[in-house]
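In C-alpha cells below, several structures.
Note that chain A is present in both complexes that follow, paired respectively with chain B and with chain C.
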Partner chain A sequence: MGKYLLRRILQMIPVVLGTTLLIYALVFALPGDPVAAMFGDKPVNQAVAAQIRSEYNLDKPFIVQYVLFLKNALTLNFGNTFAGQPVISVIGRAFPVTIKLALMAFVFEGIFGVIFGIIGGLTKGKWSDNIILVLSLLLISVPTFVTGFILQYLFGVKWKLLPATAGANPGFIDLLMPAIVLGSVSMASIIRLTRTEITSNISEDYVRTARAKGMSNRSVIMRHVLRNSLIPVVTYLGADIGGLMGGAMITERIFNIQGVGNTLYQAILRGEGTLVVSIVTILVLIFVITSLLVDLLYAVLDPRIRYA
Partner chain B sequence: MTEADKNMTTNQEQQPLLDVRDLQVDFTADGRTVHAVRDASFNVYPGQWVAIVGESGSGKSTSAMAVLGLLPGTGKVTGGSIRLKGRELVGLDRRDYEALRGSQVGLVPQDPMSNLNPVWRIGSQVKEALTANHMDVSREKRSRLAKALAGDEEVKVKKSDDELFISSKDLPGLLEAARKALNDAGVADVDKAMEAMKAEWDVGSETRWGVAKSLIDAGVDDDTAWTLAKEHVTGSDMNDRIAGLLSEAGLPEAATRARQYPHEFSGGMRQRALIAIGLASRPDLLIADEPTSALDVTVQKRILDHLRSLTESLGTAVLFITHDLGLAAERAQHIVVMYRGQVVESGPSLEVLQHPQHPYTKRLVQAAPSLASQRIISAKQRGQDAEGLLEHHVKGESTLERSEHVITVEHLTREFRLPRRKEMFKAVDDVSFSVKRGTTLAIVGESGSGKSTVANMVLHLLKPTSGKVTYEGQDIAGFGGRQLLEFRRHVQPVFQNPYGSLDPMYSIYRSIEEPLRIHKIGNAKSRQKRVKELLDMVEMPESVMGRYPNELSGGQRQRIAIARAMALNPDVIICDEAVSALDVLVQDQVLRLLNDLQAEQGLSYLFITHDLAVVRQIADEVVVMQHGRLVEHATTDEVFDHPQRQYTKDLLDAIPGGKLRLGLD
Partner chain C sequence: MKKGSQLTLVSATICALALLASGCGGGSDTKGAQQSSSSQSSNNTVISVHGCEPAKPLIPSNTVESCGGQVVDAINSKLVRFDDQGKAHNDLASEIKGNDDMTQYKVTLVDGRKFSDGTPITAKSFTQAWSWAANVNNGQLASSFFANIKGYDDLQKQGAPADGQLSGLKVVDDKTFTVDLSSPSSTFPIQVGYTAFAPLPESFYKDTKAYGENPVSSGPYKFESWQHNAMVKLRKNTTYKGDIKVQNGGIDFKVYTDVAAAYSDVQAGNLDAIDTIPTSAQKTFMTDNLVQGYNKPGSVLQMFTIPTTMEHFGQNEEGHLRRQAISMALDRKMLIDKVLGGLGVQPTDFTAPAIPGYSKNLKGSDNLKYNAKKAKEYWAKADAISKWPADKSFQMVYNADGGAKDFYDGMANSIKNTLGIKAIATPVPTFSEFRGNVNKRAYNDAAFRSAWSPDYPSPESYLLSNFASSAADGNGSNDGDYKNPKFDDLLKQAAKAKDTNEANKLFQQAEEILLQDMPAVPLYYANNKGASAKNVHGLTLGWNSYPNFAELSKQK
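This part shows the complex of A and B:
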C-alpha cells in the first residue's frame, strides 16, 4: 500500500512536467505578439517593448523561458501579469469562486443524479423510469452553452427568479443557476450510470440469496443493491471534480463569473503564458490528486481491489 | 436407518411438511406465455430428503423457487397450491413471505461464485441471515421436530437455558475445568478424551446440554457434569454464533474466516458458507438447488456428506434439486423426475432407479454417467470382455502403419510466478505420457491439478518450462510459421464452455467454415459442401447454418464446436472438459458422438476431465494428476478395478451413485 502510494506520487512529477511544458509550448506558439497587443492602437515604442520583453523573459528562447518559469514556480513565485498584478494574487482571487461553484455543482449532480438514478433503476420500465431516461438523454445531448443561455433567459431575464449574472463576489444565490447548469451533464450521466448498475445488480444471484435469507425488501435493496451499485458512481463523481473545475469555463463566461475559467480565457486572449501555465498547473495537480484519491477510495469500497 | 427414515415409520399419518399440488408456473416473453411448470405435484415429509431430477429447462428449479416465492423475472404461479405445514403459500403477500423465508424455508443456491455479495465479509452475510429472522443468538432454537425426535425424556430434561452456546470467552475455562473433572473422575485416557471434546466443542455451536452430555459420556458423573456446564456455558455473542454456524458447515478456523471476503474463499468454502447461511435460522425445509454442480467431485462428496449429517442432526427436510440421477438416488429417499415442466415419475429412490416406468426416466438412467460406469463393469461381470466394447480401436490401429504414438509428452514441467512470492509455483511437474493412435487418453484431476495447463502445452498455446511435447515424432517447440499452421490443422481443441468458445457475432456457417478459410482449403462452393457434411456428421440439420450461437442450446453449441474441430480432418482432438458443462442426457449424446467419430475416422483424443464417471465411458487409458504431478497411469479398467493410489480411490469414491446396486437387465 505504502509502496503503491509512493509510486503514484512519484508518477505525478512527469505528468506535471509534461503538461506544463505542453501548455507553455502551446501558448508560445499562439499567433500574434502579446507585447505589441498591449500598445493597442498606439504605435509601438520599441524601447519600452524591449524592456517589457526582458522583464517577462519574452526575449529569451522558449526552453529558457520554460526553465525560468519552473525555477520560479518551485519557490511559488509565479511572477506578475502584464497588468502588473502578482499572478499568485490573481489565482488567489479566481480559485475560491470556482471551487465554490464546482462544489455546488458537485453536490447538485451527486444528490439528484443518484436519487433519480435509483428511482429509475427500481421502477425499470414504468413511466417514472421512462421520463427520467428521456430527460437525462436530453441533458446529455444538449451542450452546456445552450442549457445555460436558456436557463439564464427564462429564470434570470424573463421571470427574474434568480440573478442573471454573478457579480464580483458571488454568493450562494448568485451561483445557484450556474452550478445547476455546470452539473447538469454530469448529473445526467450519473442518473444513467446509477440506473444501469441497479438494474443489473438487482438480478444478481446474491440478491436472490439475500431474499432467501428472509431479509426485508428494504434492507436487501440498501445492503445488496445500492451498496454495490454506488461503487462505480462514487468513483465517477470523484473523477468528475477535476472536470468540473476545468469545465467551468463556458459556464463562467455565460454568467460572467470571475473564476478560474474566465481568468484563463482572458489570459489566453492576452497571450500571458505565465498566467495560463500557472492556472493549468494547479488544475493538473487537482486532477492528479483527485484521481489518486478516487483510486484509493475504490479500494476501500470494493474489497476485491488491493494495490501492491 | 437414518433419523428421517425413523421419522417416516413412526409418523405414518403425519402431515407432509411441504405439499405441492398441481402447481403451474408461467413465464411471459414478448406477449407469449411459456408454461414452465405444468400440474406438478410432490410432497416433502419432515426430515426427509426429496430429490427433483431433470435436465435444464425441465422446471425443477422453477418449482423450487415458486416455493420460496422467488420466481425470476415474469414468472408467476398461475395455478395449484403450495402448502407448508398446512399453510397456503400461493398468493401470500410480500411481508408474510419475508417472514417465512430463512426461518422456515432456507436456500442453498447453485453457483457459489455468484451467490455471495463480493463487498461484504462472509461473517456479515451470515449475520444477515440471523438478524433478518430475529434469531436469539445466545441459544439454540432447534425445530420442534428435532426435539420430538430426540425422545420425550430428553425434551423434559432440556430447559431453555440448556440451549445456551459456548462463548469464546468461556472456552479456555471450560476446557480447564473439564480436564480437572476428567482427572477427578479417574478417566483412563484424559488426553484422548480432551482431544475429542476440543474437536466437538465449537464456539457458538455446541450447547450447554451438549457439553454436559459429552462429559457424562466420558465418565464424569451427572451432577458434576451439569454443574460444570452451567458454570462455564453462559451463552455466546453474535460473532461466536457466526463462527459456530460456519464451523458446523465444515469451515475450519471459522472465527478468522468470518472476517474474510468471498473472493478470498475457494468454491468449496463459499458453498460451505452458503450452507451455513441457508441453515442459520434453523428452517424446517432446506431447498438445495444443485448445491454442488459447480464443484469438483471430491469436494462435492465432502460437502454433501456434511450437509447430510448436519440436516439429520437438525431434523431439517431437504428438497434437493439435481440433474444427476445417480447423485439423487444416492442422497435422497424419494425421487421426483421432471420433464418439460411436468412430473413424469416419482417414488422411492431405488424403485425409480431400478424400475423406471417413464421413457424419459429410462433414458436418464441409461445416460447418468455415474450409473453408466457401473453398467460397463456389470457388462464385464456378465462375462463380456470390455475389450469387445472398444473393438473399433484395435481395428483403427491395424489399418495405419505410422508410429504408434501420435502425441508424446516427456518430463513436461511448467512453472508460474505467483504475485508477491519469491519461489516459483510448479503447475505441472515432470509429467510424461503418450497418446496412442486411434485411442483416448484421459487426464483426470481436481481443479488446480495442472491438467488444463498440460492441454495448453500440448496445443502449443503455452511454452513448457522444461520437457518436450512431440507430435508424430517431431518436437513441437521448434514449430513455427508453416509447420505450426500444419500442426494446428492436425491437432484441434474443443473447450469446456460452449457459450464462450463460439464467436456470438459469427453465424454457425461462418464459425465452422473459418478454419477451412484460414487454411485456404477449397473454394466457397466446396467449403459449403464440407460444412454441410460436418453438420451431418454431428447430427445437426443444415438449417442451423444461418443461425447464431445464442439461438442454440449448450449441447447443440458443443456439437458445433466439435464440427469446427473436425473441419480440417485432424488426427488428434484435445477435449478440455468438453462435456462438463452439459446436462447428463446431452453429455451422453456428445460422448457417443465422439466415440462414433473415433470409430469412423480413427481419431485420437486427449480427454481432460475432473469426472471419472465420464472417463469410464470414453477413455482407454487414464492419467491421474494431483498438484501438478502424475500420480497414476494405467488402462481404464485397471484404474477402476485396482486403483493404486489413495487419491485415485478417493476420486472413484466420489463418483455419485457409484456404490448403488442397479437392477438393470
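This part shows the complex of A and C:
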C-alpha cells in the first residue's frame, strides 16, 4: 500500500511538469500581443511597451520564460498579474469560491443522482422509472447555459426567490442555484449510470444465490447490489470533481461568480501566461489527487481489489 | 474586457451635474421631472452600479480602459471638467491662457482646493504628476498624452533619469505654472480634462504601489475600498469644494465579468444602474418594464479603414471613386435598424453627436448616404480607369469577440447586392489578435474594422489620431497610413486657432477633405445605452459614455 502510494505520488511529477510546459507553450502561441492589447485601440507607446515587456519577462525567448516561471514557482513565487497583484493572492481568492461551488454541486449530484438512480433501477419499467429516465435525458441534452439562464430568469428575476447572481463573497443561498445548474448534467449521468448498474446487477447469479439462501430483500439490495453498483459511480464522481472545478466557467459567468473559471477565462483573454499556468497546475494537482483517492476508495468498496 | 474589445473608452470626466440642470438636460420629459424631484429629496443612499475589475492599479496616467477609468475619473478633479454637451469648464484652474501662437500656456489655479488627505492642490501637484507620467521608467500606458509638452522626448529615452522632470513645465508660484508645448495646440485647455492630467499629492511618490490600491482623492468622491474582483467602493467626498453636486452618498462598483449577469441583477432589483446593455437585451431593454432604459447618441464612431496600400483603392482618382462607391453602397439605415435594433445613428461626419464641433451638413456628407445608383456609377467610372478583377473579393476584417459579426455580414451583402462584386467579411477570433495584425500592417489588401472613442471632446481627438500623417506608419492610430498635406495643414491651422469655435470650423473643413478621400468609411455613431432599476433616478451617460454618477439617486 505504502509503496503504491509513493509510486503514484512520484508519477505526479512528470504529469505536472508536462502539463505546465504544454499550457505555457499554448498560451505563448496565442496570437496577439498582450502588451499592445493593454493600450486598447490607443497608439502603442513602444518605449513604455518595452518597459512593461521586460518587467514581465515577455521579451525573452519561450524556453527562458518557462524556466524562469518554474524556478520562481519552486519558491512559491508565481509573480504578479498584469494588474500588479500577486498571482498567489488572485488564486487565493478564486479557489475557495469555486471549491465551495463545486462541493455544493458535488453533494447535490451525488445524493440526488444515486437516490433517483436507485429508485429507477429498482422500479425498472414502472412509471417512476420512466419519469426519471425522461427527465434525466432532458437534463443531459440541454446545455448548461440554457438551464442557467432559464433558472436565473425564473427564480432570480421573475419570482425573486433566489439571488439572480452570486457576486462577491457568496454564501450558501447565493450559490444554491448555480450549484444546481452546475451539477444537473452530471446528476443526470449518475442517475443513468446507477440505474443501469442496478438493473444489471440485480439479475446476477450472486443475487439470486443470496435470495435463495433466504436473505431479506433489504440486505440483498444494500449489501450486495448497491455495493457492486456504486463502483463505477464513484469513479465517475471522482473524475467529475476536476471537471466541476475547471468546468464551472459557463456557470460562473452566468451567475457572476468570481471563481476559478472566470479568472481563468479572463487570464486567457489577456494572454497572462503565468496566471493561466498557475491555475491549470493547481487544477491538474486536484485532478491527480482525486483520481488517486478514487483508486484507494475502490479497495474499500470491493475487497477483491488490493494494491501492492 | 468585452467592453474593451468593443471600444476602449479612455477619457472622461463627470459631466456638470445637477447644479447645471440646463447643461445636463437632454433626458426625456419624464426623466427630467424625476430628476428635479429627486434633487429636492437629496439623500445619502449609496448607489450600486455595474463595474468591472480595473486592469491596472488606480493611477490616473496608467488607466486607459473604462473599468478603472470610471473609478479614477470619479475620484480625481482636473484643471477643467466637461458638461453634458462635452463643453469644457474651468474646475481646478481659474484660467488657462495661451500665448499668440498657442505654444505656451499659463495656468492659474483656484484657491482652497485640497486633496482628501488634507494637503493643498498646488502647481507642483500638476507638474510633478505630469513629469512622472511622461517618464518611461514608470511605464505609464497614457504617457503619450504628454508628448506635446517640451522635454517629453528626453524622458522617453532609454536611461532617462528616474526623477527627470518635463523641461516644458515651470512652476511660477504655488498657484501658477507655465507649459511650453513643442507644437501649437489650441485644444490644450480641453485635453487637460483627460484623467491622466489629474494632479497627484506628495504622498503618491512615496509609495506609488500603495497609492494604486488606495488612492487619495481630489474629486467629488473619495475612495473607500477595493476588494479585488468584487467591489470598488467610493463615498461622497465631504471636503470637496468643486461645482459638482453629489446627489447620493456614494457609488459601489460591483464587478461583473458578463454584462448579461449585471443586467439580470438590474431587472431583479439587486443592482441600481448599468452603463451598457448586453447583446441579448438590446432589442428589449427600452420596453422592458422591469427597468428604465437609457438610449442616446454617444461619442463613439464606428468605421472601417481602407488602407492606402490596398490595390485599386490608393489615394488617387480611381481609389477615391471606389471608396465613395463602397460607402454609398452600404444601406446603413437598414443595418442600424435591423442589426443594431436602432441603437445607432447614421453618420454625417468624422466625429460624433456628443462632441462640440459635430456637424450634419458638411460638403460631401452625401457620400455617407445609401445611394445605389451613384455607387454603381462611381464604381463603373473607376473601372474605366483600371478594371476591378471579376474574381476578386472586397474583404473586410473584424474582430469576432466584439459582437460585430452580423453587422459586417450585412455590410458584405449590401456591397454585393449594390455593386455586383464579391464581398466578404472575415472574422479574427480576438480583439488582441486583430489589433496585433493591424499594428503589423498584415491587412494591406483588405479593409478592417476601426472605431474611435475620443480622449477629449474635440474633433481634433478624432482627426489627429486617425488621419494625420504624424499618426501614420505606426506612430499613432492612423492604421490606414493616410497622408494628405492639405488635411494636415488645416489641422495645423486649427491648432493655432484663437478659440474653440474658430478651431472647430477648421476641423470641419478638414473633414470635408476626408469625405472625398474616405481613408476610413464611417458606419454609425454608437448610442450610449444603459438601464437603471425602477426606483433609481437620474441615469444619464456623459460624452465619454460613463454614467454621470453624481446625479444618481434612489428612493428607499
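The criterion applied here is as follows: the second predicted complex is superposed on the first by the 307 of 308 C-alpha atoms of A that agree within 3 Å, B and C clash if a C-alpha of one lies under 4 Å from a C-alpha of the other, contacts with A are read in each partner's own complex, and residues count from 1 in each chain.
Note that a residue touches a chain if its C-beta (ideal position, glycine included) is under 8 Å from a C-beta of that chain, and two chains touch if they have at least 3 such contacts.
Everything numeric here is computed off the predicted structure, so don't read it as measured data.
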| item | value |
| --- | --- |
| Room on chain A for both chain B and chain C (clash or fit) | fit |
| Chain B versus chain C as contact partner of A:96, first or second or both or neither | neither |
| First (chain B), second (chain C), both or neither touched by A:55 | second |
| Touched partner set for A:205, first chain B, second chain C, both or neither | first |
| Partner chain in contact with A:214 - chain B first, chain C second, else both or neither | first |
| Partner chain in contact with A:171 - chain B first, chain C second, else both or neither | neither |
| Touching partner for A:304 - first (chain B), second (chain C), both, neither | first |
| Chain B versus chain C as contact partner of A:86, first or second or both or neither | neither |
| Chain B versus chain C as contact partner of A:37, first or second or both or neither | second |
| When both partners are placed on the shared chain, which of chain B and chain C touches more of chain A | C |
| Chain B, chain C and vertex chain A (Cα centres) - angle in steps of 10° | 160 |
| Chain C versus chain B - closest C-alpha approach in the superposed model, Å | 47 |
| Doubly contacted chain A residues - partners chain C and chain B | none |
| Chain B-facing residues of chain A, complex | 203-206, 208-217, 219, 223-224, 227-228, 231, 301-304, 308 |
| Residue ranges of chain B touching chain A (in the complex, touch as defined) | 68, 70, 72-73, 94-95, 98-103, 105-107, 109, 111, 114-121, 128-129, 132-133, 261, 263, 274, 277-278, 280-281, 419-420 |
| Residues on chain C engaged by chain A in the complex (per definition of touch) | 1, 4, 7-8, 10, 53-57, 64-65, 136-137, 139-141, 143-144, 156-158, 209, 212, 227-231, 254-258, 260-262, 264-265, 267-270, 290, 429-436, 439, 450-452, 455, 465, 471, 475-477 |
| Chain C contact footprint on chain A (complex, rising order) | 30-34, 36-45, 47-48, 51-52, 55, 82-85, 89-90, 93-94, 152-153, 156-157, 160, 163-165, 167-169, 252-256, 258, 262-263, 265-266, 269-271 |
